[in-house]
Amino acid sequence: MGVLPRSKTQSPIMIPDVHVMIFIGFGFLMTFLRKYGYSAVGYNLLIAAIAIQWSIICRGIFHHNEKGLIPVDITTLINGDFAAAAVLITFGAVLGVTSPFQLVSICLIEVFLYALNEYIGAELLKAIDVGGSMFIHTFGAYFGLALSLVLRKNSDSESKNEGASYTSDVFAMIGTVFLWMFWPSFNGAMAEGDDQHRAVINTVLSLTASCICTFAISALVSAENKFNMVHIQNATLAGGVAVGAVADLMIRPYGALIIGSLAGLLSTVGYTYITPFLQSKLNLHDTCGVNNLHGMPGIMSGLAGAVMAVIASESEYGIGLYKQYPAMAPEMNSSHLQELRKDLTSIEAGDGRTAGQQALYQLLALGVTLCIAIIGGAVTGLVMRLPLFGQVPDAHLFDDSKLWEVPEE
Amino acid sequence: MGVLPRSKTQSPIMIPDVHVMIFIGFGFLMTFLRKYGYSAVGYNLLIAAIAIQWSIICRGIFHHNEKGLIPVDITTLINGDFAAAAVLITFGAVLGVTSPFQLVSICLIEVFLYALNEYIGAELLKAIDVGGSMFIHTFGAYFGLALSLVLRKNSDSESKNEGASYTSDVFAMIGTVFLWMFWPSFNGAMAEGDDQHRAVINTVLSLTASCICTFAISALVSAENKFNMVHIQNATLAGGVAVGAVADLMIRPYGALIIGSLAGLLSTVGYTYITPFLQSKLNLHDTCGVNNLHGMPGIMSGLAGAVMAVIASESEYGIGLYKQYPAMAPEMNSSHLQELRKDLTSIEAGDGRTAGQQALYQLLALGVTLCIAIIGGAVTGLVMRLPLFGQVPDAHLFDDSKLWEVPEE
Amino acid sequence: MGVLPRSKTQSPIMIPDVHVMIFIGFGFLMTFLRKYGYSAVGYNLLIAAIAIQWSIICRGIFHHNEKGLIPVDITTLINGDFAAAAVLITFGAVLGVTSPFQLVSICLIEVFLYALNEYIGAELLKAIDVGGSMFIHTFGAYFGLALSLVLRKNSDSESKNEGASYTSDVFAMIGTVFLWMFWPSFNGAMAEGDDQHRAVINTVLSLTASCICTFAISALVSAENKFNMVHIQNATLAGGVAVGAVADLMIRPYGALIIGSLAGLLSTVGYTYITPFLQSKLNLHDTCGVNNLHGMPGIMSGLAGAVMAVIASESEYGIGLYKQYPAMAPEMNSSHLQELRKDLTSIEAGDGRTAGQQALYQLLALGVTLCIAIIGGAVTGLVMRLPLFGQVPDAHLFDDSKLWEVPEE
C-alpha cells in the first residue's frame, strides 16, 4: 500500500499467501450462519474474483504508464486482493440481507471509490499504511455500515435464521485460524527487506496479544464466564487490523503487544456492548460485527500511524526514514538531499515534510477515508433501494435455500 | 512439465504449495458425497502417497542418469505430485464405486502409463505443457472415463447414497477454494523467472474469468435461476485447467480472460447437459464430472497450445522463444545458432522446427495423450473386472460404512 | 533446532508454513471429539499464542545477547511455534479433561522446562535434532503422559462424550492433511541450503511410507478389515516425527522409507494394542494417543539420530560434516582445523568429538529429555491437583457446553 508499488518483482509466492486471507479467511469466517454457508463462501469467491478484475481497471485509471497502458504484474494482483478485502469487509456488514445482483453492483461501485481513496491517501497525501488498516479495513467497514444503515432502514431486526449451529461455528473457525496465520503475510506483502521482517514480526506479536486478551475479556463480560464463539472468531484477529498502519515501523515488540491487547479489548467490548447499542438505537445492523473487527481497530491503527509519524526521526530510523516516509525526504536540489545521497544514492527527493506535518497528513488520510467510505456507502445504499435491484424479502434473509439448490436433509 | 526439469534447485517452498492442490484440494473437493467423506479424503491421501513413491520409479525409467540412478530432488517430488494429480482425477470419475484394492491397482497401472505418455509427449515430441493440461488433466480424465465405462458396464445407475448434504457441500468448498488459490502455483511450479510470473498471472486471471462465468451460467441454466453447488465447486476451476498448456506463453491478459470465460461456460454447460446425456446414452458414469472440469477444458488447452505455437515468433518472444520452445531452436552447427549465441550463450541447439511444425507436434502430443489414456483406461477397466479384484456391490456404493468404522450418530 | 539459530535472516515465508502446522494442524486434528470442537480449536489458538509470547522470554533466559537483551526476529517466532508444538502435544494427552485455567498454567510451566531442556540438549550437549523429534515431540508427549497419569489418577475412565461423530472426524482430517503437507517445512524450517532440501525430501518420503503402512496395518488389525479413522488421522503422520532428528542427514531415500514404514507400523500397533493396555493396567489416559504419534516415534527418531552419528564420517559428508555436527569439528588451534580451513574458511572450532562420542551425546540428550519431561509432567500434575486450579467434574468432561456458549440445535 505504498505510494507506488515498491517493487515490480514481487515474488509469485506472495499470491497464494494473500489469496488465503481473501478466499479462505474471509470466506469461511462468514460461514458461521447455520443456513447461509453456500452463500457465504460462494458469494465471497464470486465477489473477490470480480473485485480483482475490476480493480485492475479502476486502479489503472490512477496508476497507468505514459502510454496509458496498465501494467499487470504480481503487485497488480496483490492490489486486486486488497481491493477485494475492502469489498468483503463490506459484505460482512450486510451478510444475509443482500441479493447477488446487489452484491455485484456494490462491488463495482465500491472498488472504484476504494481506488479513488487510495489514490488520494497514498499518492496525493502521501500517507503510509503498509497493511491497509485505513485504506482497506476502515474504508470497507464504514462503507458497509453506512450501506447497511440506509439499505435496511425499515427492515425488521429479527430473523429466526440469523444464528449459528455447532457445525457452522467450527467451519467459521477455519476462516479465523487462516486469517490469524496469514495476516503477517498480508501486512508484509507490500514491504521489502527489513521493513517486511518488521511488519511480519510486529503482526505476529500483535495477534498473539489480541488473541489472549480476547479470551480473557470474553469470559469476563459473560454472565456465566463462558467463552463466546463470536468473540473468539473475530476479536482474536483485531490485533492484525490495529497494527496494520504501523506494522513496518519502529514500534518495538512491546508496542506491538500493547496495540494488540488494546485491539482485543476494544473489539470484544464492541461485540458485547456497542453492536447491540447501535442496533437498538440506530437500527444499524452489522451481521458480522465489522465495526468491531475492522472499523474501530482500523481507526485505532490510523491514529497510531499519526503518533508514530510525530515521533519519527533520523536518529530512530537512520537514513531509512526517507524510504519509510518518502514525503519527509528533503526537496529536490536541497543541500540536505545531496548530503544524504552520499550515504545512499537511491534516495528520491521528497517534500521536506517535518514529522508533525507527516502526522497531519496521516490524520487527513484517515479523515478522507472515513468521508468517502461513509458518503459512498450511504449513496450506494440509496441506489440499492431502487426497485431495479430487488430487495431480499424478510422471510428469505440469512437463508441459502431461496437462491441455491439445497439438498433435502 | 518441460522436456526436462529446468532446474535442479527448485525451492522447497514449492512443495507445500503443490501438495495443497493434491491433498487438500482434490481430497476435500471429493467430500461432497454425504456418506463418503472418510473414503474421499482418506483414499485421496493413500493414493497420492503411493503415486508419489511409484512415480519416482516409473519416471526414473525414462529419466535416469548415465549410471542408471534416479536422482531424487525437489523437482522429483513435484513431479510425483503431478502424477498423483492424474490418478486423483481418474479417482473422481469412479468415486464411490471402487474398492481400495482396485484403486491401488489402478494407481500402479496409471502412473506407469502417465510416465510413458509424458515421456513421449514432452521428451520425444517436445510438446510444451507447463501446467500439465494435456499430460495431467486430459490424461487423467479420459483414463478415468474409459475406466468407468468398462468397469460399470452393467451397473445400475441409481444409488440412494449418491448425493450431497448441506455439510458435505461446505466441506467440498474447502477443496474448491484451495484449488482456486493454489492453481497459479501449480501451473507455475515448473517454470522459472519471467515465465513463472506469466504463468501465475495468467492463471489468476483465467480463474477469475471462469469463476464469474460459472456463476452467471449456473443461474441461467437452472429452472428457478438458482445457483447449483456442483457448478460452483467445479466449473469455477475450469479456467485453471484450460490455461494450463499456455499459461507461460504470451497470451496477454485478455487472452487469459477469454480462455477462462470459455472454460467456465463449457464446464457449466457440460455439467448441465453433457454429463446427463452421456449417462443416459452410453451408461457412462462420471461421479465428479471430471469430463467437465478436466477433460474438455484440458483438450481446449491442448488446442490453445497448438494455436499459440503457430503464432509464436522471435518478434513476439525475442530470443526467449528458444527457451520456451526448445525444439524451435536452430540445429547444431547452423549459422543461425551461432548468431543467437552472440546474444545469449546458454541457448541449446534444437531441431530447427518452424512454428507450424511445433503446432503439429503439440497436436500430436494431445492425440497421443488421448489414445494412451482411453486405451489404457479401458484395458485397466477390464482388468479390474477380474474376480480377483472384487467389485463393490451396488448396495455398498457411495457408502463409507462398509469399509470404515463409522460412529453411530 | 540447531545449537544456535543458524541464520538470523530466515525468510518471513517460513512463518505461515510453520504456523499452519501449529494452528490448523494441531487445532483441527483435535476436533475429532464430537462435542469438544470449540475447545479443541479455540484453546489450541489461545495456548499457542501464549506459548509464542512466553517462549520468547523463557528461551531468552538462555539465548540473550551480551547486553542481556533478547533479539526478536523470524527465527525467534519459529522457535515460539516450536515451543507451542510441545505444549499442544501435551494438550492432546489431556484433551477434554482440563480447564482453560489449568491449560494456561501447564503452558507456562512446560514452556520454561522446554526451553531448559532444549538449552541442555542442543547447547550444552550439542546434540542435533533438526525437526525437534526429541526436544519437541518426545518432550511434549511424555510430559503430557506423566501429567495425565497424575492428574487423572482417580478419574473414571468412561465418559459418554468421549467419541467422534461423522462430521467431527472429517473436521479432524483437515488437521491431518495440513500436518501431512507442511511437516516437510516444519522439519526443514531451521535448516539451510542443501540440508534444507534433504530435510524436506526425506520428510516427504517418510510420510508417504507411514501413510501407506498405516492404511495396510489399520485394515489388518481390525476384526472386519475396516479402516479406523483414529489410525488414519494420526499414524499416517508418524513418519514426520520419526524422521525428524535425522531428516537433514544422509539417510538416503530408502532410509527415509524404512523409517517411515516402521513408524507407521509402530504407531498403528500402538493405537490398537498399547493405548488400551496402558489405560487398563496403569489407568493412563491419553485422549489423542500422543504416545503413538509423538512419543514412541520421537524416541525412535532419537535412537536413529544416535545411529546416524555413529556412522557419520568425512567420507560420507565431506567437509559439511562439521557444519552438520559442530561438536565434531576439530578443536581450536589444532592442525586438523587449520587444514580444513584451507577448504572452507567458515568452519568453526568444535570439541573434536569422535562419531561414537557424538552418538553418546545424542543418547544423553534423549535421556535428559525423557527425564525432564516425565518428572516435569508429573510435578505439574500434582500442582494441577491443588484446589486452586479446580478440577473438571467427570460430568463435564469432553463437553464444550459447560464453558462455551453453545447454540441450541
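Think of it as A, B and C in the order they're written, each chain with its own count starting at 1.
One rule holds in what follows: a residue touches a chain if its C-beta (ideal position, glycine included) is under 8 Å from a C-beta of that chain, and two chains touch if they have at least 3 such contacts.
Everything numeric in this text was worked out from a predicted model, so none of it was measured.
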Cα-superposition angle relating the copies chain C and chain A, to nearest 5°: 120
Classification of the chain A:chain B interface as same or different, half of numbers criterion: different
Chain centre separation in whole Å, for chain B relative to chain A (CA means): 36
Junction residues of chain A, two or more chains touched: 13, 167, 174
Complex contact set, residues of chain A against chain B: 12-13, 15-16, 19-20, 23-24, 27-28, 31, 37-38, 41-42, 45-46, 49-50, 52-53, 56, 72-74, 76-77, 100, 167, 171, 174, 403-407, 409
Partner chain B, residues of chain C touching it in the complex: 13, 17, 34, 163-167, 169-170, 173-174, 176-178, 180-182, 184-185, 188, 196-197, 200-201, 204-205, 207-209, 211-212, 215, 219, 222, 226-229, 232, 236, 253, 257
